[in-house]
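Multiple structures follow.
First subunit A sits with subunit B, and in the next complex the same chain sits with subunit C.
And then the complex of A and B:
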């Protein structure tokens, strides 16, 4: 039976952070429900697409940009950041140095991409490899809470790509923020909020349902 | 009369009957020619009060209606995709292949055609995609109905435009229609210059008296005239033009001259109506420009006419270097008497896997003309040197390391990467006792390399370059020294400022603009001329793109330095040339090209790419006199800078490279033709890099 008007959103999400923090592993876990400790180091950028049935009326597609963590390649990332509407910054709880770099990544992100209204794009901090012994600040939740507030993150999660901990929840939070932004933007622009960016006509939509990868 | 509509999508997609729908339907048939496209343009008008939404600005010629519309579509992200991967649907019934059809900004009729339907909005093809990314079924539903309906779009009839106002500072263009409507386009990532050029090519304009940036539309252009060159600024008084030019030429002589000449050459390139008797004059001017300007590699002066390359000669691969070949060229003391012959065989066929110890010669660890005894001595020395440097880092205590951040950082990078380098190879798998000895050796070599070249240290990608060497040579010391040589060739890939990578990305683009100008023009139009999608190819020399076996062949071919310097740039060009139709006929944008190229990983046929790359070399060689200087330098057709001319009096025909017989027919006996000819003494430009002087 044809469903009523179905909304569809496509969002570009950046996944950044120090080399070896687990960006690729998080994406592969999230998209393919699979973990390997041996994913190759990303060179340049890799892509993945995650489809979420957000609610009855909404399909959300996340285009995940898995960006190499090596600092040296940072000066080409401006092009990669273009048009992103959300980001994850990943650090490795077993290596305090990867946390120390988080702020650098956040500043880089905010400098290179903003929402159309000039605000920074929503960004969720992921404290990855939480299945392993932590080093430094990762042991102190309050401190991270503070850090996250101070530096304008949308929130943070302890994650483990290996044990599949909190990755879905983190993504949910990010999408929630993105949707909220979309509504604000739309209101500010006197554009009807109910109107989706991408709209499906009925017949295609019903067929699409069964093939969703999520 | 000017048409201008804001479209809002409605649930009854197919029910509404308005002008928008018919326009959209047209979009999906072949009547529609895209003249211009620009990403990341936001719109400001009475409806859109802010720059909240980014969109794509296009100019479309609807041939049948003879209407040209400026179209702006809201787009968060301008990619098409579907569930699992972003495979493109290939269009089966595509009729024409715009191989050499160049894109003209001055005449819509010579624009490349874009057959809209095969770029499919992801929302429309769910039911079809499953596992059939290369589905060849005709896309009937798309062609017959269900046109894509952007939810937000603006159409402006080009011939309804009254005037336009340009702000170069703000990167905006405001279009004022005869109806009085105003729409302001903001170009977020650059200048509106290409858009303005396009407008000027289609509309006759005149600067409004007393208004600096306002241009009134007088009517359509009838055909390209000299004024269309816009050699100087638009419609200004000649005296103003002259003084401006003079002031520019004082301040920025090279840029000013080049941009003026570039306008000439664009005109020549894209204008097919040059009178025949003018052609020689045009060519002469181009030649003068090329000779007069000692050009930086950033600039390319293109000859007055597009450089016409002859059809690509077919090339065949040969047999790999065999033990017989190898021992045949050695004297009783183990000197390799004819390294050129060996290199030629390797260039054409690679090396038999069991004979890959020749890499030690190819990479320069051993001079070709060293005797067995000499090599033993070299190995002894190199071994001592290696262990000395290894000892250095091995003796650093944890305590010391804690106070040595630079060292510690390098070590940490290496540890992170080693454990994820080529782990699918049995060579790097843990054995039954859980030991990973070879992985440890990989790490030791990289750590020792940090001591060998601390400033370069370790950069991601190096472990990829090392792994095949270790797998093949297995000996730690020999692998290290071969790696050192390999890094000598590739170290600029890892420059701190990325200069080496930028240079090579630029070289790929320059090569494409000669080899297949329609592709380079296309890439420029979709803002992909930065060639970032070749980044991984170049950084690790295609390591990620080919299988383990193939990459060894490719690298040994590259290490011969035949047939020319920078042959790897021609490999890039060959792959892109092969993918050209996929890219252009699917109308891929920057992101989609990036994705498409990433997905070529392990799907490329090495032999055909090598043959094509060599074929391209032969095409360029044949046209070498007409090539721009940077290209000539890149491929060794002229001596490189600052070299003594007496070194380089030989031309490319006298190099160690043998052409594969007559270019017009396939080389039947490539190996034999190589074997016949062993005595080549003259050096090519500077790339005959074997260690004769060692």
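And then the complex of A and C:
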């Protein structure tokens, strides 16, 4: 339970991108500080939780939704995207084709989920596997800068789940954007900022309920 | 017992709702020494009460046989079971129904490869034609490989190939066997040929996991009993044997997936429909659990998609998947429908733990990491017995389950 003087926020973050780009590895690194070269392909969606002590007064819980990279999940992603307030789109710097698909993921995201005011949710682009030789546009930072600006990303980072490069920083940037949005929304709606985005479960009543009658 | 899920016991006297039930209901054989173990085909009524006893014993942890089953108690040894299978397999004309009945509750390792080939419909029931068919199908497979895999691939196929190529090295990453280059190449060919021969679905992530049980069973056919797969170097097997393992895995996989093609077509409609059916089913069987999941915002798609897509291979250890395959294959064409009940039984198995979780995070983390690492064949036996019981009790309600598309 949070201390009485601490604010607690719960945010749902999506991690999307082409198959094999390293989405699962990034999440495992971020949440468990661990890397393995062989995670099994994600089927459907995997779920992870990261708790951040943001500052003295603020605890942030990030629900990370690791969405399978195969595009056929098209229609089902709508269910997964629901209520997300931020996203990472991941591509693999060693395979240019995974970058070519980034825009498609961004459009899919913006079409399926928006902030309450109708704006798109903050999205950070991750150029993953930066510890390895790059292919195509990944070699040209200026081009990616341009691309990120043009397509309304919050920013981008070269990352390596293997060598633990920039993942924490990317998450910080995304959370910062989410918090800013939260303030804007709160001012607009006269909602106090200390109120969590989602109601955290306070359902103690399950305790008193009988689990099984037999 | 009747209050297990807060509902009355199943209507045992009701007529079989469909073909599936008829096909297996007279053959309840639970293969476990702790439980009663009728060594003969038994009537439907006895079968169902035996099923209920298994479930009841399991739930209450009272392993002494109850009064109604004590009389039936027969300790069927593995060897007599093998003998029964051999007797069937060696008949000139195999009775497939009998084989299904026998196989449903588990197949001994020694006879599993041939039993699977027959159950999958890969081998004919006539014993004299078997060798000839085997050789023909294996040759056919290698013709496909030569024609599509070994030649230059055109662009449509190239995309399929790339996806498979990315997924293969990361399947079953903890088993050294699957890190061997030769093994990965075998899987790559199997999946590629399957995908291009099934353009409506192509390669779908997860199908690689469905090859694995076939692969391991056909591999073990060439290994001395008790060989540790972890220590096996597949290059020590002669090429002819590896080619047989590969071709047979492909042929059985193809037959096996024929029954669930709609799971893997565009948008995976078959799975979406089954997820909805699962939701309806749990709502009827266990309102408490259903409401608990809903209350905390857990959507059935979030956890059961993988259960359906991979037929639970991701949720249980490989040895258990193989045992589960015995029952799936014995179900024949009806296994798609039966798998829904296996998923329901699987979810209900964890109901107490799930009800103790008090938020979305806790529920999802549990549902995606269910503690089955110690599961044995016995647990799968109980799981499918429970699935069978649910099917008997709940399948006979077209308005709720299969009729969700029709007007309500």
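Here is the rule we use: the second predicted complex is superposed on the first by the 187 of 214 C-alpha atoms of A that agree within 3 Å, B and C clash if a C-alpha of one lies under 4 Å from a C-alpha of the other, contacts with A are read in each partner's own complex, and residues count from 1 in each chain.
Heads up, the rule we're going with is that a residue touches a chain if its C-beta (ideal position, glycine included) is under 8 Å from a C-beta of that chain, and two chains touch if they have at least 3 such contacts.
All values reported here derive from a predicted model rather than from experimental measurement.
K.L.:
Residues of subunit A touched by subunit B versus by subunit C: which partner has the larger set?
P.N.:
So, of the two partners, B touches more residues of subunit A.
K.L.:
Between subunit B (first) and subunit C (second), which, if any, makes contact with A:8: first, second, both or neither?
P.N.:
In the superposed model, A:8 contacts subunit B only, not subunit C.
K.L.:
Report for A:20: first if it touches subunit B alone, second if subunit C alone, otherwise both or neither.
P.N.:
Touch status of A:20: both partners.
K.L.:
Kindly classify A:39 by the partners it touches after superposition: subunit B alone (first), subunit C alone (second), both, or neither?
P.N.:
A:39: touches subunit B and subunit C.
K.L.:
Which holds for A:85: it touches subunit B only (first), subunit C only (second), both, or neither?
P.N.:
Only subunit B; A:85 stays clear of subunit C.
K.L.:
Per the contact definition in the header, classify A:117: touching subunit B only (first), subunit C only (second), both, or neither.
P.N.:
After superposing on A, A:117 lies in contact with subunit B but is clear of subunit C.
K.L.:
Where does A:70 make contact in the superposed view: on subunit B (first), on subunit C (second), on both, or on neither?
P.N.:
both
K.L.:
Give one of first, second, both or neither to describe whether A:133 is in contact with subunit B, with subunit C, with both, or with none.
P.N.:
Touch status of A:133: no partner.
K.L.:
Common interface residues of subunit A with subunit B and subunit C?
P.N.:
19-20, 38-41, 43-47, 49, 61, 63, 68, 70, 72-73, 75-76, 79, 97, 200-201, 204, 207, 209, 211-213
K.L.:
Using the touch rule from the top, collect the residues of subunit A that touch subunit C in their complex.
P.N.:
It comes out as residues 19-20, 36, 38-49, 61, 63, 68-70, 72-76, 79-80, 97, 200-201, 203-204, 206-207, 209, 211-214.
K.L.:
Under the touch definition given earlier, write down the residues of subunit C that touch subunit A in their complex.
P.N.:
Counting only subunit C, the residues touching subunit A are 1, 3-4, 6, 162-163, 166-167, 169-173, 179, 204-206, 208, 266-268, 272, 288, 292, 295-296, 299, 301-302, 305-306, 309-310, 314, 351-352, 355-356, 358-361, 364-365, 368.
K.L.:
Could you list, by residue number, the parts of subunit A that touch subunit B in their complex?
P.N.:
For this pair, the touching residues of subunit A are 4-5, 8-12, 19-20, 37-41, 43-47, 49, 51, 61, 63, 68, 70, 72-73, 75-76, 79, 82-83, 85, 95, 97, 116-117, 185, 188-192, 195-202, 204-205, 207-209, 211-213.
K.L.:
Which residues of subunit B touch subunit A once you look at their complex with the stated criterion?
P.N.:
Spelled out, the residues of subunit B in touch with subunit A are 8-9, 11, 13-14, 40, 42, 48-54, 74, 76-79, 81-86, 121-127, 129-130, 146, 149, 151-152, 189, 409, 412-413, 416-417, 419-424, 459-461, 463-464, 494, 496-498, 530, 532, 535-536, 539-540, 544, 590, 594-595, 598.
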